[in-house]
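Input: one structure, supplied below.
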Amino acid sequence: MKKIPVGILGATGVVGQQYVTLLSNHPWFEVRFLAASASSAEKSYSEAVGDRWHSTLAIPEKIGAMRVRRLDEIEKAINECAFVFSSVNNETAKLFEERFAEHGLPVLSNASYHRASTDVPVLIPEVNPGHIDIISLQRKNRNWSKGFILAKPNCALQSYMIPLTPLHNRFGVKKLAITTLQAMSGAGYPGVPSMDIVDNVIPYIPDEEEKSEQESLKMWGHLTELGIASEKNIALSVHCNRVPVLDGHLACVSMELEQKPHPDEVIHLWQTFQGVAQELHLPSAPAQSIHYLFQKDRPQPRLDRLAGSGMSVTVGRLRPCSLFHYRFVALSHNTIRGAAGGMILNAELLFKMGYFA
Amino acid sequence: MKKIPVGILGATGVVGQQYVTLLSNHPWFEVRFLAASASSAEKSYSEAVGDRWHSTLAIPEKIGAMRVRRLDEIEKAINECAFVFSSVNNETAKLFEERFAEHGLPVLSNASYHRASTDVPVLIPEVNPGHIDIISLQRKNRNWSKGFILAKPNCALQSYMIPLTPLHNRFGVKKLAITTLQAMSGAGYPGVPSMDIVDNVIPYIPDEEEKSEQESLKMWGHLTELGIASEKNIALSVHCNRVPVLDGHLACVSMELEQKPHPDEVIHLWQTFQGVAQELHLPSAPAQSIHYLFQKDRPQPRLDRLAGSGMSVTVGRLRPCSLFHYRFVALSHNTIRGAAGGMILNAELLFKMGYFA
Amino acid sequence: MKKIPVGILGATGVVGQQYVTLLSNHPWFEVRFLAASASSAEKSYSEAVGDRWHSTLAIPEKIGAMRVRRLDEIEKAINECAFVFSSVNNETAKLFEERFAEHGLPVLSNASYHRASTDVPVLIPEVNPGHIDIISLQRKNRNWSKGFILAKPNCALQSYMIPLTPLHNRFGVKKLAITTLQAMSGAGYPGVPSMDIVDNVIPYIPDEEEKSEQESLKMWGHLTELGIASEKNIALSVHCNRVPVLDGHLACVSMELEQKPHPDEVIHLWQTFQGVAQELHLPSAPAQSIHYLFQKDRPQPRLDRLAGSGMSVTVGRLRPCSLFHYRFVALSHNTIRGAAGGMILNAELLFKMGYFA
Amino acid sequence: MKKIPVGILGATGVVGQQYVTLLSNHPWFEVRFLAASASSAEKSYSEAVGDRWHSTLAIPEKIGAMRVRRLDEIEKAINECAFVFSSVNNETAKLFEERFAEHGLPVLSNASYHRASTDVPVLIPEVNPGHIDIISLQRKNRNWSKGFILAKPNCALQSYMIPLTPLHNRFGVKKLAITTLQAMSGAGYPGVPSMDIVDNVIPYIPDEEEKSEQESLKMWGHLTELGIASEKNIALSVHCNRVPVLDGHLACVSMELEQKPHPDEVIHLWQTFQGVAQELHLPSAPAQSIHYLFQKDRPQPRLDRLAGSGMSVTVGRLRPCSLFHYRFVALSHNTIRGAAGGMILNAELLFKMGYFA
């Protein structure tokens, strides 16, 4: 099979670097276009990244030698790739992403800028694959023929939305009290100053709680002729903390369901969960999206974040709750499943559904 | 004023050492009796502690030279002190504390062993000073004349019970979802192995969630002729995590009240709170038991744990909650307010009320 | 006594904030002038600092209300203060410090910019008080009447130069192999990204080794008619590491002396050391500049950095060395003794010597 | 090829667990005998290890089901294996290791107990493969026919001895000043209490400096008829620190050689180094034992410890030294190369040389 040529906008940043690493041996996709801010343009990728390369793996040789483009070299992108991953910041997303889509290139965006738009899907394959259908409305709304914009949610959501969705589909989620303990890498690079976080917790992450609540309810919403209508009947509260952990966002969840299942039923549902990603054998899909751990003190970020090569969510401590039906703990790798890895999975699903044709 | 002679059971442990430090210049109390396990007995306190002394302050000279006694030298204790602080572990508490009380010595115990007994008060002066009255029932039940046992709650409770109590008294607490992020020092010494906690979170602390829920409801309970009856009408769920922080337990609280106050009213109540400890000018009482911080990212353990010399609780981020009325964050120093310091405050209150006469 | 009015250049930065804190109740000096970059100018100091205030102590009220000036408001400075502390970066130091001195204001500079100039003293009162005399040559060289520039060394030097100097004066230092383990706060704020240093060591600090070697030899140099001549006969090698510690630079020192003393003699020299700062009873001088600790595993940064309110150096582990005469470990608080606190001590000495008249 | 059956003494400890993990798919060796203290005996290995299993990989199923034996079941061991890896502590080593050897089983011991014996090789294949020949003297001395004892050095040595040895062989090492920054895992489990090391450095590790110096000189020693004679003409000083790093020991080295080479020559020697382990294609040998990194701030423990699957040493920052010829930084994974992995490499070499026949 001839590989699909893809581009990366914001290729020199932390998430951009992860796209480079994760796509370096991808069976379907091949990086052919790299764009970044003006200061990087015209340099080779290796030069542009310089000593800010964060992976312990080396820069793939072929990509290291590629020339970095400016973000406005859209024509070039159109000639060279079938779609682009975008990990630019919100300001830049605002300026450029729609222009790429308008010119016919699908944009898979890690920015939060488009997530609130009712015609933009915010996708996790295990949670809301049906939302992909809104793309036709988006194209109609914006008069685009081939291009579109698709988002993924904030990195904190993966930890709890993936285990909650099979329960929601079967028993109906009513109320959720969630507290997250989020890793430092979630703030990008240079991100959190070491003087702020060593021997400390910061019980606040700008805009994170609002995003976590709104995006969750949108992802459980239904499609209408006017766009995605967020779920209105679930009360959901998320408190977000930054903790001195390198990678891995942990969520402490208390949930009330419409019907209260037996705990064994909950665990069985998790252990046997197979979503569209597994059914279609997407290359980045882990064998199991959800790993339930029976040890009483798991999951733990350092021990469990790499489950399923960083693409699985680990869950543990399902137990009765004095307030709602059950409490549990869930963990997901914020810079793999919660960023580039999660979006590559989205791209694989879109490809299978013919969206890059 | 002649100082009241006091003893410390378990004097060589972490909490015992804190008693030694905090009592070294106490205006009312003077350490006159030190007891520890057999391996320490007959040594001077300095020898017995050896290189396991944890404070950056030196061992007070006079106490360092005192001879450490065995825990069964009860007669000696009776001759030398008016009451004892006990920081022995649960097993030892079971074996010895009642014997001291039986022989006429009040025992102020940090162990959890007695906390569930309906005739033993679990005391925080800002929360339930009225529970002291159950001591008369305790003495009657056990046929003790002068001795009694008084406990303080688990170190996690101080962070949320102190700010919640004035709200409970005014507006009535109905529902609480609490997640704690607790410091490593809460596990004693050697406590948490460094290999387990660096770059990690452990989302489980043995028995901590049960204690946090049960003790909270007991502290808000009322006195009956049969003992303290725990509050039954509050739904309270506590999830406890260990995080890589040296000192300071943080609690993320979501609360539903009987009546919903305006947030300014809540903050005003906290800022103006004066409990019995302040009214009686107890020497260890901070000027304010509750500090409300208006910065959006506070309280933080490293920055705020020493507020009021470690005896105040700092509170911040009061904001609406999508699930209940409000969410907020609260922090208390687990080894000062949450251990020896909190119990010394209890002792000061008991002294003022004539319980050591 | 009427207090001496002083100014702070770079008042909003990390070191500038420390000057504000440490000078807030100073018995001799009073802050009357604050300057910072254009973005802060005309704001009150509290506004200008905003949420970047790093101390757990509050901003002193009176200073918080002061108006921040631009760095080119030199006339204002002249009218309002007798000398200035400068904690601006090297680039800014280059542009402004000499202009202040030229206009008659002594500048006590934390920047490294002037440290290599042979007519600028690099001062630690315990090490080279005699170097102050070079100021007359400096004034002559530059045609300045009242102004002058005085520097203090890089923050790593305080840890080893203070204990080495009394040995050097008595026995003569010949060879030194030094490895430092330096705290994160030494890199300023935001400084070291947390993703770089948690669970890690960075065995390199830009320019730090060169500065540590050159400044040490200059401080042990002698005065000539042409300026300070660096010591040429000592072989000194310094390797610098950044470690995950908040405050406190540790140095592992191996030394060869001209004459080998008995170890007791070395320890006695340290324990009895009294420098000009102690002799003149300077207000910021600790009772002892050097504390020798006999425990086999000390000094440790977290336990010992606040010795003498952060102004003393703690030393331990003096022992024979298989290579040179002795090895030892020394520790100094890099942001107190190694930055603002050390320079305030310098200012106190200069004041006593009449340099601000 | 039929696999060689091997045993593990102390199989439930941290290093024992690593043997289990590293040997689970070994091409030559197969675990057939597991022994541990009496409390583990007669349990299955999984039961015996319980929740103290430290790897993120699961216990290999087959080994998990094996029955754990007592350390005195020597007959059983003889019947079931060709040699044993021993990771028992020093006390236990003293009691049992010689008995196994006496009964004809070679013992590859991680304990320090035998390292000082002049007829016991302390082996790193890249450093002193010739020392294996002393085994014949050992057997003669002790009247053993097939059994023998072989040790590996303290985990700190791997970092500097592997890069120093090719330089020593070519140019002659004369003087060495070494300071190590050692990971917490070097202290075993539970090891260093978290309260001791977070935000801290401990500048002392019991006996570590003595071992580092003595074992290094023994490894560079020569064989005589009386045993291994330590090198006498090298002055070597090692200072050891514990730092808050999970895995990876870093060494800052300053060296004086007999002949001073050009730095390019040094780097070339490292880059092209091929030892006996590479020449014999031993399965655990990394392609390169030494990786030289040209970035100015490397090696770093978290980024580089897994080079060569934890079996390579990374080296960087070769630069002139003001005291000796050159300084450099070296890093090795203390629990892989420095413990079980290093000893498995030794076993592979011994096997190739026919020592287990």
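Note that the chains are named A, B, C and D in the order they appear, and that numbering of residues resets to 1 at the start of each chain.
The working rule: a residue touches a chain if its C-beta (ideal position, glycine included) is under 8 Å from a C-beta of that chain, and two chains touch if they have at least 3 such contacts.
All figures in this text were calculated on a predicted structure; none of them were measured in a lab.
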Item to complete: Check C-D against A-D and say which one is joined by more contacting C-beta pairs.
Response: C-D
Worksheet item: Centre-to-centre on C-alpha atoms, which chain is most distant from chain A?
Response: C
Worksheet entry | Rounded Å distance, chain A centre to chain C centre (Cα mean) | 48
Worksheet item: Distance-wise, how many Å sit between the C-alpha centres of chain A and chain D, to the nearest whole number?
Response: 42
Item to complete: Check each residue of chain D and list the ones that touch at least two other chains.
Response: 198-199, 244, 246, 297, 303
Worksheet item: What does chain A use to touch chain D in their complex?
Response: 51, 56, 198-199, 295, 297, 303-304, 306
Practice prompt. Could you please specify the touching residues of chain B with respect to chain A in the complex?
Written response: 175-177, 179, 181, 199-204, 213, 235-237, 239, 241, 243-246, 250, 252, 254, 296-303, 316-317, 321-324, 327, 329
Discussion item. For a test of understanding, state which residues of chain A touch chain C in their complex under the given definition.
Written reply: 54, 184-185, 189-199, 244, 246
